[in-house]
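Here the chain labels run A, B, C and D in written order, and each chain numbers its own residues starting at 1.
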Amino acid sequence: MSGNSIGKLFTVTTFGESHGLALGAIIDGCPPGIEISEQDLQLDLDRRKPGTSRYTTQRREADVVKILSGVFEGKTTGTSIGLLIENTDQRSKDYGKIKDRFRPMHADYTYQQKYGTRDYRGGGRSSARETAMRVAAGAVAKKYLQVCCGIEVRGYLSQLGPIGISDVDWSVVETNPFFCPDASKVSEMEEYMQKLRKSGDSVGAKLTVVATGMPVGLGEPVFDRLDADIAHALMGINAVKGVEIGAGFDCVDALGSTHRDEMTPEGFTSNNAGGVLGGISSGQDLIAHLALKPTSSIVLPGKSVDMEGKAVEVITTGRHDPCVGIRAVPIAEAMVAIVLMDHLLRNRAQNADVHSTTPVIPAATS
Amino acid sequence: MSGNSIGKLFTVTTFGESHGLALGAIIDGCPPGIEISEQDLQLDLDRRKPGTSRYTTQRREADVVKILSGVFEGKTTGTSIGLLIENTDQRSKDYGKIKDRFRPMHADYTYQQKYGTRDYRGGGRSSARETAMRVAAGAVAKKYLQVCCGIEVRGYLSQLGPIGISDVDWSVVETNPFFCPDASKVSEMEEYMQKLRKSGDSVGAKLTVVATGMPVGLGEPVFDRLDADIAHALMGINAVKGVEIGAGFDCVDALGSTHRDEMTPEGFTSNNAGGVLGGISSGQDLIAHLALKPTSSIVLPGKSVDMEGKAVEVITTGRHDPCVGIRAVPIAEAMVAIVLMDHLLRNRAQNADVHSTTPVIPAATS
Amino acid sequence: MSGNSIGKLFTVTTFGESHGLALGAIIDGCPPGIEISEQDLQLDLDRRKPGTSRYTTQRREADVVKILSGVFEGKTTGTSIGLLIENTDQRSKDYGKIKDRFRPMHADYTYQQKYGTRDYRGGGRSSARETAMRVAAGAVAKKYLQVCCGIEVRGYLSQLGPIGISDVDWSVVETNPFFCPDASKVSEMEEYMQKLRKSGDSVGAKLTVVATGMPVGLGEPVFDRLDADIAHALMGINAVKGVEIGAGFDCVDALGSTHRDEMTPEGFTSNNAGGVLGGISSGQDLIAHLALKPTSSIVLPGKSVDMEGKAVEVITTGRHDPCVGIRAVPIAEAMVAIVLMDHLLRNRAQNADVHSTTPVIPAATS
Amino acid sequence: MSGNSIGKLFTVTTFGESHGLALGAIIDGCPPGIEISEQDLQLDLDRRKPGTSRYTTQRREADVVKILSGVFEGKTTGTSIGLLIENTDQRSKDYGKIKDRFRPMHADYTYQQKYGTRDYRGGGRSSARETAMRVAAGAVAKKYLQVCCGIEVRGYLSQLGPIGISDVDWSVVETNPFFCPDASKVSEMEEYMQKLRKSGDSVGAKLTVVATGMPVGLGEPVFDRLDADIAHALMGINAVKGVEIGAGFDCVDALGSTHRDEMTPEGFTSNNAGGVLGGISSGQDLIAHLALKPTSSIVLPGKSVDMEGKAVEVITTGRHDPCVGIRAVPIAEAMVAIVLMDHLLRNRAQNADVHSTTPVIPAATS
């Protein structure tokens, strides 16, 4: 395929441009008999939806998803699931002026060069709008993982520009517009974002996704390791420039004697591995971090070129997120859930005879 | 497949355990007519080979590769290429003592739990020895990229434990046992490694891979982006815990106005993107960084459990690298080359009509 | 994936049940810059459409297809193409009575057993209605093959029950409701079908698909041979029980000396091979035949069992084709076109350096 | 991949030319814990081995297979299995004379045109010798299917040129050099083959493969149906020109009322479907037929052209099978076993929750 599918057994294929008629997805490989409703998908779509706070783009999209197939009398049938979201708010006039020029640090240039053409309206296929379908499909995976396996996939904002967090309180994450897990940082973030919006600039962010209730054994060495597939899925999100598993880059100057997670009859003594050993889940919590760059679509003028390579100045006046990282939390959760779902099925296929093995030690990190 | 293949069009499938009879690989999808010899592969295998310096494991492996098919009268025929390396140095006695216990932070535990069995000799399939075949296959990709497309894939050690680098001089990289590009740091690294070996401990490392001569247009949005596939390939190397493209995690606290790479008729003004925009190569140098954890196989005693979950102490007395990152440079180059080769063919398939497009601006970073 | 996708580079993924809200497809891997319109797809959809003659089911479906993405300003962009057909005529009452019993020789039984559930309305996913999206996607492939490569894919009915053909006149095929290429047989077929309809029975058929203007070199030995992938695509059409390439089963009692297609500077002396040698197209016309069984959905009572395995009698009173083979001609053309398109891209990827080779001898069969 | 792999979860990738150093295969996705030995593979390799009777090629190949990985202490470990057969009998002089000309009806021409080069020694990759690795890999699948699922895959010769069979007695199949299941036809076949050899000609054959002990539920609609994948696997064998499931082409002039397999509480009343309904196994015996053309490599002179397209006469004096169909029985069994194994794992992945369902009716055909 040419890149619009992810997953080998739980496969999600998507289509849709920012200002096209609709966005859609097909989920192939979802097991039968699972209760799934449009409402299950809508919950996560609303968490990602633009225009919900003054800290995100003001473009208004209802993002109402329809399930067109694969679900009968409220349950999955095992056949392919068709999903559709119709685009409602398409102010093309906002975008006409970038038809003949490339926004710096944007996919305009590479799409034009790769394909010899591009849908310039709102970035077309390269728009973050495309990720709505990832969230919808990921919600199906999240539902299955939770209901059938007790695996819960959740995420939070671990750094907003210069502002880090000191504490992770899951009960706080959904109570603020930043998915920030540290209540003591929310007002600081609000002030920062208001200054940023006034300045017309944008900023990067760091997110963390955690999967709890993990079984031992997910991941297929040597190339389709669980951590490798998660890196693929997260790096494939717009604006992501870095991915870490567990301790990530902190392991560079660490010593083996202190870095290794020791094992005891009561469980692991730490989780620097982030829940993956040799590419296979260890039963500990799966922990992944990702870095998102500041959006390049800002109102501050930038140097660029036009289709003929002549120097031009670009000012992006569209409705954009000053920090794309904020709305990416549900997207990152969705991608991790899709990967886990895929590996759950892959492991089940090959190791059905043994995959009920009870862990030798508890997953808990003491 | 269950994880032992990588690439969709340039596909590398491998087999082999650390102490089995042999390691092997099949390359499927290599274009015909390319001059390739065993010597081309041996060069990179020797760069990765253990026992070449006192800073790597003393296990001695000739690592002599044989081409068994797909090459006729010195050139590829377009049929599948079979590669084989016979194992010569298999001191199983070194490993017998870890048969019934799990080395902490090692794949022993997850392999045993996933498969209900494991080849415990030297880590079996989870041994870094498996990567020899990646290097052999990667050498074919490197040869094609260089000869047919002028793309060169090279790597270096950018940090050894606490020791970073101040300069990148490609002419220095192959002149020291660390693949260090900064001549002024080599002696410091030597002293550090000798102290480390005495202490019986291990340390992490950071590597950088750069591809020059990149065309515009490699990468298939939305899921199989070039950076996503590189993240998958690099995170799939043993001990890797983090991957960055371009500025990587430094983008988190960066502002869009300063972070974005502006475009001028003379080229880009910077390369924070690391050569990828919207998942497609921009023509700038491709830049990827990876973090490798310290090996968990050290002589310092560690807490662990045996097959029954009882507490045991583990001391790994085998022949191991105090810093697995050092020998990983050729492996990381190989993985990047395989991904580039795969995307070159994928782009050629879909965009043959347009892929000769000349870039609107020069790739050079001013 | 779980079976709802076909093609490795030109990939078609479909969804939709007979009585669901809609049918849909995503085409991934279509080259950019191709002029494509909904009308191009509608032409073939109308050829397959039910209710066009008294010899097909009287179910009336507008089968109006919408292109939702991947086409901008009339041309493909290289991004995934989303297709949608809304179901309009869903007389569920027709089907309620087979909710708890299995129609003999029908997928009801195997779907129920495989998935533990099924959408019993009109056969759900197993209904021939699913093939509408194959025709729509195939039309895109047919357009590209014809416009960009001069390859034309056409089919005809080569046998209707006991009635064979004596002549193939392409100009006749679209002038009768049977896609029969022999004008002298049409009235005979009409009489036969009227008697058949009165009797309440159904009958089988044999179809032939021919691709002209074939290049040399399509097909990837050893497993993904062109003929193997065509066999996969055609055997995957509902009711198909046999596939032949060229002389097919006639080769069983043939001698090598008479069966082999000899080569001369003017071309091949015959085409028993059906245009494929060693799994690779020879440049001769590609010729494939397929056998379709009589539909099992007939009004004549048949023995079957209910969900509890108790004996029941089944009479299918729905609106069904007395000969499903008739409407399958556009479907078979579509499947062959999809396979050719996929192999065209695969060949282009691997053999771009040589695939412009001019044939050593003309393709023409003297 | 470019065609040298088959299977999505139980994946077999092969390499090797007729006169290269060796043939090899990698099996990826074989479940762990299965007892497998080289002897298990050798049994089927010996059934396919040339030179075992005067009715097959006199080329002598030991065809001794080595298992290089994936099996530890006699059982599979779940990691990739490497297989190797070294070529011993390579009389290249036999083949030198066809270096610059194309054997009629042979892959020489299409390989040369597709790849711009070819290994002309004994047909290189297009030689039937390549199928040795299919048999070796298929033996692993056959072992698993039989031991773990009670599925047995067997084949026989159902027609040799003009000589059909009247009876199928499995106990006879392995007692004659033709895999003929009808003892009353063996001497007739012997006489026919001796006359054929004297005449220097070759002849076609028809084979039948049957899988007993089939579970209900194997096959993934809509494209990867069980029968579609079997058609792909069988049509992908050298010289195969036709594939049928169950009644096959006999369904063309059949009536639905007599052709359909009715269902009763005691089982099905017939098996015209060949064990597949809607692309999913019904539990009845799986029945597939395949047609193999007469080999084109015969000593009788044939018209052809050389590399420059000039007319030449070709006489193939190498050691060839007068009827390639005979030795193809173990190959066809292997391909069916590989497909069943793959679908067993695919079904297990998606339907683990329900795939233990007991059939509503017995599989037996009354």
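The definition used in the following text is that a contact is a pair of C-beta atoms (placed from the backbone, for glycine too) under 8 Å apart; a residue touches a chain by one contact, two chains touch by 3 or more.
Protein names from UniProt, one per chain: A, B, C, D = Chorismate synthase.
Quantities reported herein were computed from a predicted structural model and do not represent experimental measurements.
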| item | value |
| --- | --- |
| Of C-D and B-C, whichever chain pair has more C-beta contact pairs | C-D |
| Same or different residue numbers at the chain A/chain B copy interface, by half rule | same |
| Far-end chain from chain B, centres as C-alpha averages | C |
| Whole-Å gap between the CA centroids of chain B and chain C | 45 |
| Whole-Å separation of chain centres (CA-atom averages), chain C against chain D | 26 |
| Per-residue multi-chain contacts in chain C, two or more chains | 1-5, 8-9, 14, 29, 32-33, 78-79, 114-116, 125, 221, 346, 350-351, 353-354 |
| Contacting residues of chain A [partner chain D, same complex] | 8-9, 29-33, 78-79, 148, 221, 345-346, 348-354 |
| Residue numbers on chain C that touch chain D, as the complex places them | 1-6, 8, 14, 102, 104-107, 109-116, 125-126, 130, 159, 161-162, 201-206, 216-217, 219-225, 227-236, 238, 241-249, 251-257, 259-265, 269, 272-274, 277-283, 291-296, 298, 300, 302-305, 307-311, 346-347, 350-351, 353-355, 357, 359-361 |
| Chain A partner contacts - residues on chain C that touch it in the complex | 1-5, 7-9, 11, 13-17, 20-24, 26, 28-29, 32-33, 66, 68-70, 72, 75, 77-82, 84, 114-119, 124-125 |
